[in-house]
Amino acid sequence: MLKIKELCAGYGEMPVLREIFLSIEKGSIVSVVGSNGAGKTTLLNAISGIVKSNGSIICNGEEINFLPAHAIVKRGIVHVPEGRKIFPEMTVIENLKMGAFLQQKTYQKNLENVFALFPRLAERKKQLGGTMSGGEQQMLAIGRGLMGNPKLLLLDEPSLGLSPLFTEIVFNAITEIRKSGVTILIVEQNVYQSLRISDRGFVIETGRIVLSGTGKELLENHDVKKAFLGM
Amino acid sequence: MTRKLLCIDNVSKHFGGNVAVSEVSFAVEEKQICGLIGPNGAGKTTLFNCIAGYYPVTSGDIVFNGLNINRKRPDQVCRLGMARTWQRVKPMSNMTVLENVMVGAFASTGALRKAETIARQELLVVGLENYAGKLAGSLPIGLKKKLELARVMATSPKMLLLDEICGGLNKTETGIILGIIRTLRERGVTIVFIEHDMKAVTSICDNIVVLSSGEKLAEGTPVEITANPEVIAAYLGGGSSNA
Amino acid sequence: RPVKLGFINSITGKEAQIGENLTNGAAMAVDDMTAKGYAVTVVREDDGGDPKNALAAYEKLVTRDRVIGVVGPYTSGSANVVASRADQYNVPILVPAAAKEEITMKGYRNVFRLNAPANVYSLVLMKAVADFKPKTIAYVYAANDFGVSTVKTAQENALSMGLKEVANEKYQQGQPDYRATLAKVKAANPDLVFLVSYDADAILLMRQAKEIGLSPKAFLGAGAGYTTAQFAQQKDISNLVVSATQWTDDVNWPGASDFGKRYKARFGKEPSYHAACAYEAMRIMIETASKTEDPVKLRTTLKNGSWNGIMGPVRFSDYSGFTNQNNHSMLVQQIQNGSYETVYPAQFSKKNIVYPFRR
Amino acid sequence: MMKQAIASAFLVVAAIALPLLIGDNPYVTGILITLLMMATLASAWNIVGGYAGQFSFGHAAYFGAGAYSTMIMLSVFNTNPLVGMATGIVVSSLIALVTGSIVFRLKGHYFALASIAVAEIVRLTVLNLDFTGGAQGILLSDVAFLGLDLNSKNPFYYGMLSCLVVTLGITAYLRRTRTGYYLQAIREDQDAAASLAINIAYYKNKALLISAALTSVVGSIYALYIRFIDTTAVLDLRLSIEILLTAIIGGVGTLWGPLLGAALLVPLAEMLRSNVLGDAMVRIGIVSETSPIGMFFKDGLAHAHVLVYGIITVLCILYLPKGILGLLRRGK
Amino acid sequence: MLFLQSLISGLLTGGVYALAGMGMSMVFGVMNVSNFAHGDLMMLGMYLAYFAFTLLNIDPYLSLVLIIPLAFMFGYVLEKVFINRVIHHPHQNQILLTIGLGLIMSNSALLAFTSDPRILTTSYSSSSFTVFRDVSVSVPLLLSFIITCGITALLYLFLSGTRTGMALRATSQNREAAQLMGINVSRITAIAFGIGTALAAAAGALIAPTYYIHPLAGHSFLLKAFTICVLGGLGSVVGATVGGLIIGVVEALSSVYLSSDWKDVVVFVLFLAVLLFRPQGLFGKKGDQ
């Protein structure tokens, strides 16, 4: 599905990602974990075209690295960004509509799915996005992402700010989404949860992949335990 | 007998028709760490905003250190010794990390040297000493959280309102922050702590208040709360998944 | 060796439009004089309508270019500032067209003015209609120096003529809508409407006056916007408007109509009185300066000389508080069938004034 | 730190000695006065616009307040110019306070827009009142002050220079105090600043007041210098924009930026205005004044100098986004 | 009588103000830039209408059909070539850039068209009809008012009903997120500036038959456009419309019942009062967190 080779990216003169190699199987869930500032968000931003990068990113056999962000979305790569970035002065329903910007046909069907997944959004259809609580905004952001019929869904800390109950719901939702054939790349601090549902995991440290394996392998890895699980 | 530092008395906050906080009362004792938990949209941040002076309350009273602070501006509240952090971090992006913390330190001193000393100390406490000269805007989220903490600590508060200070951090980093918070308590700071990471909450809080749909659902020790069926239903969910 | 003169004008900024007329007039004078064998270099400076720049320009002309005399500046503000420094540098200036009275009322020895100052505009206009015994007057004028100065003296003149003031409306320039203001004037039903406007405001005001049916016994326009060819072309609104001017092309001053024709041939439009003023000022300056070669002598020669050209007889004399002021006889003209006809004073006019105004 | 202090001291000495070097050259001195004036105005603006991040488009109001107060006090009450200057400070502070109290609660563009509105109200009021000279402006023939020869330029050169030194001094001092830090914090994030015990409105007002008072003093000196003022010359939006332009092109939020901006823009504008290029080309004889090319350079350029100024502005913004100071810093 | 007369003419003039304000609001909303070149863009519209009339003999109101697309393209290109390059720069640079562009436009116009004002005189330029006893209504103003209403309605439908309209709103709220929705934000920004320019030019063209045409003629509308923008609520189309009408009426009434020289002061005081009591504007939404 996605092949990344020698990906380098940075802000200004400071390099953040140095030669990332990564490949993602179609239909799998892949987690990227790493400490703060390791470059996880930058990686997602580079894939979705928000950050300029060097190297190659190949999606379904097509080089997408030098495409602008909106063209990358067209190819089914949907990014739910860190910090949610919902449209503050649009209502919940309008936010969701924006998510379906390129996918008008499936709007109604997706809307129902999203509402089923997050009933709170259905209750608050008319509320302005900006006035939703932190967690509500997170649901909205994920819901908005799903409206775009992703083939590859990039989730940047989807459980950030969610209550345990909702964290549960979101992770369940992620596995549900995968079942419908969507490939998912998650960046998480909730390392346990995300590795638990992942087929593969990568550990990233100061811009390099230092470890990879199946979710289970990583969960049992001593270094991972020490660095991320506080054990 | 410990003194009650903060008393929330029947506080409500409405946004138009939305009731975000509804007749909530509780008190926080001096040097206590009080957890404030609840489902998303329960009104936790709103309550913080009311306490810290960003929103006027619709009704009720907020008494801090014996003083009613209902009508105080945020800066006045901070001057009285109550500082808060932001769920969505707000670094002063074009200033350096050190300068960010110095801004906080100026709350307690007018002297540049002294402010710098305080700021460096606080940076050391949170482990950002090596980032002092970096622009705050370039820090990753986790470090920004630490910066938030250092910055409010520099105001030498009596009481801290921490809004999801561990959000976006992994377990190990959360552990570090919790460690910092413990040292703060030892310094005599009272803390109200919003967090979704139950492990963090239960490990550090003396007392927990649970909000749900704006109302107070329960209050008690961590043990009581984790066993409370209502709390489990509304908030924790079935399989406690927080390994 | 050619004689060196300076010319300070506003060719950019808000005053650029009138400035261009002065540029053209002065250029014609230079060419005419060169053709007559005068050797002259004119250093041209733009002040953009800003007194600070005018001062810089004057100081540059005096200290760097070492000119012996300066024509300009055009705007009253700039002229005021430069005039106040002229005695310090002892290089005379000849103000061609600035209307503010103050400029030649401070006793500056080195400041000369060709045109008649603001007070004369209203004076001639009211004299021109005095015989018809109007009773009431309304003022509508731009909130600028020229507008305010002119109306101030108009009010004095009106008082002495026994005219009653029924409306006084000062407006900010450049508004699209004066209808409300004019409606208010209409409600006061004045015999005379005294207008002072620049540029196209004049057209706008008269257009909207027609729209709302304001129709006094006479519209009196003080110079500027009411004396342009463009205004006259708008026949359906400008017909029979009376205006005061420093110059017309049908006046019987030597060379006036010839100047009008040649100007039109060269620049493709009718000259405004500003152009004539600049022409004559530059001509006088070149002629005098060529005789003298140093600023002090230039000053005395200007002071003692007399000329007779397209602006009629010119002498810089001291009278009723003025110093070195040409006691210029202003003209009153009326638009009759799309062209300006001089109607007052009688010795310069060919046609009679049409009164009362009718649409 | 030390190096900077020595450099500044050297600059000041050089500036003090400059008039002696150029001798009796009123034209050049006049341009230098304008340069110092714009540098001071831009630096004063920078305190509130650059450090506190509150973009004022209305600084002409403070400049005009100083100029008008001085002229009115002199011409009507015949007072010492210092009294006029003090009155100017009071008046401009009042204007600043009114503006501040209306908009400093708000975030974003509001201050910028409100500052225009206030400045326009001031301009129109001065224009419509009588004792201000209205549209006719105020002309002053002669001023006496401390026995100085006010027809000479040097007193004004040194007057403006002192203003600049004071303004830069205040800026440099502020940067090293709590207020300076607070202003920057407010610029970066108001909510965060408030949560750190910063009384936003107070500090914004403080910055605006300091800035307004300094601007007003410059206005006073300018009025004494030029001795004729009207609303177009001292209260126009164009002046406000020129101040802003100077600060931004130099480098906003920096100590030396505004000075650099003025040092670039003022001579540039004068060179364009007096058409140095066209003049030189004709004088050297590269082109003849009567040839079409010569006409273009001599006449066309004279008409186009504001256009060229606009083009240079645009190029500066496109290629020097951080101002001249940014360029110099990068060069290092 | 006087009241009715001034009310009507104020309302009709307000229509044109509204259009000018709307263009400003559009650019403000999407790009967060105070466009100081707005007046100059209006001026371009005036000249376009003038030349369409004098050279091609096209009625100024009819010429909108030409002017709007032309101005749109001009604005689009302007954005692509200049403004787009500073879109990530500090806000002050963007403002300054528009100031510089404005200087360039007005001074180029000065060179090209000279500073002589032009008058666009149509057969109906100074015609009016009487409605009620003595109250006259200017024909050209009424026409332009009707056209303004039409344009407003179209714009409103466009923004709320079309995909591009939605994209415009989304971009105005969060560029990066809009990008992630598959919106080509740099195109959208250019479109926004194009629309802003088209509206400015349309306002210029509409006022041309009742005003004069001059390289600096747009400047007197710049501040009005700002005022209207804030009055109505930044970025709100309906707000700008109502704001424009209010300004028109307030000006007219205050020049009758106060005096013509204080009417602008009244407008600015009103503006400050709105900032004081309703900072989000009359139609602005209050949502910022």
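Things to note:
Going by the order they are written in, the chains are A, B, C, D and E; count residues from 1 in each one.
Going forward, a residue touches a chain if its C-beta (ideal position, glycine included) is under 8 Å from a C-beta of that chain, and two chains touch if they have at least 3 such contacts.
No experiment lies behind these values; they were computed from the predicted model shown.
The set of chains in contact with subunit B as well as subunit D is empty. In terms of C-beta pairs in contact, A-B outnumbers the other of A-B and A-E.
Measuring from the averaged C-alpha position of subunit A to that of subunit D gives a distance of 51 Å. Computed from the mean C-alpha positions, the centre of subunit B lies at a distance of 47 Å from the centre of subunit E. Work out the mean CA point of subunit B and of subunit C, and you get 74 Å between them. Spacing of subunit D relative to subunit E, judged by their CA centroids, is 31 angstrom. Multi-chain contact residues of subunit A, defined as those touching 2 or more other chains: 131.
Under the contact definition stated at the top, the residues of subunit D that touch 2 or more other chains are 124, 127-128, 303, 306. Chain contacts: subunit C has residues 12, 14, 143, 170, 172 touching two or more partner chains. Touching chain pairs in this entry, ordered by label, are A-B, A-E, B-D, C-D, C-E, D-E. Contact residues of subunit C toward subunit D in the complex are 11-14, 44-46, 48-53, 55-57, 59-60, 62-64, 77, 80-81, 84-85, 88-89, 100, 102, 106, 143-145, 147-149, 170, 172.
If you check the complex, the residues on subunit D that touch subunit C are 25-27, 30-31, 34, 124, 127-128, 134-137, 139, 141, 151, 226-228, 230, 232-233, 270, 273-274, 302-303, 305-306. Subunit E makes touch with subunit D in their complex at residues 28, 32, 34, 36, 82, 85-86, 89-93, 95-97, 99-104, 107-108, 110-111, 223, 226-227, 229-230, 234, 261-262, 264-265, 268-269, 271-272, 275-276, 279, 288. Residue ranges of subunit D in contact with subunit B, taken from their complex: 176-178, 181-182, 184-185, 187-189, 191-200. Of all residues in subunit D, only 49, 55, 102-103, 105-107, 109-110, 112-114, 116-118, 120-121, 124-125, 127-128, 237, 241, 244-245, 248-249, 252, 300, 303-304, 306-307, 309-311, 313-314, 317-318, 321 touch subunit E in the complex they form.
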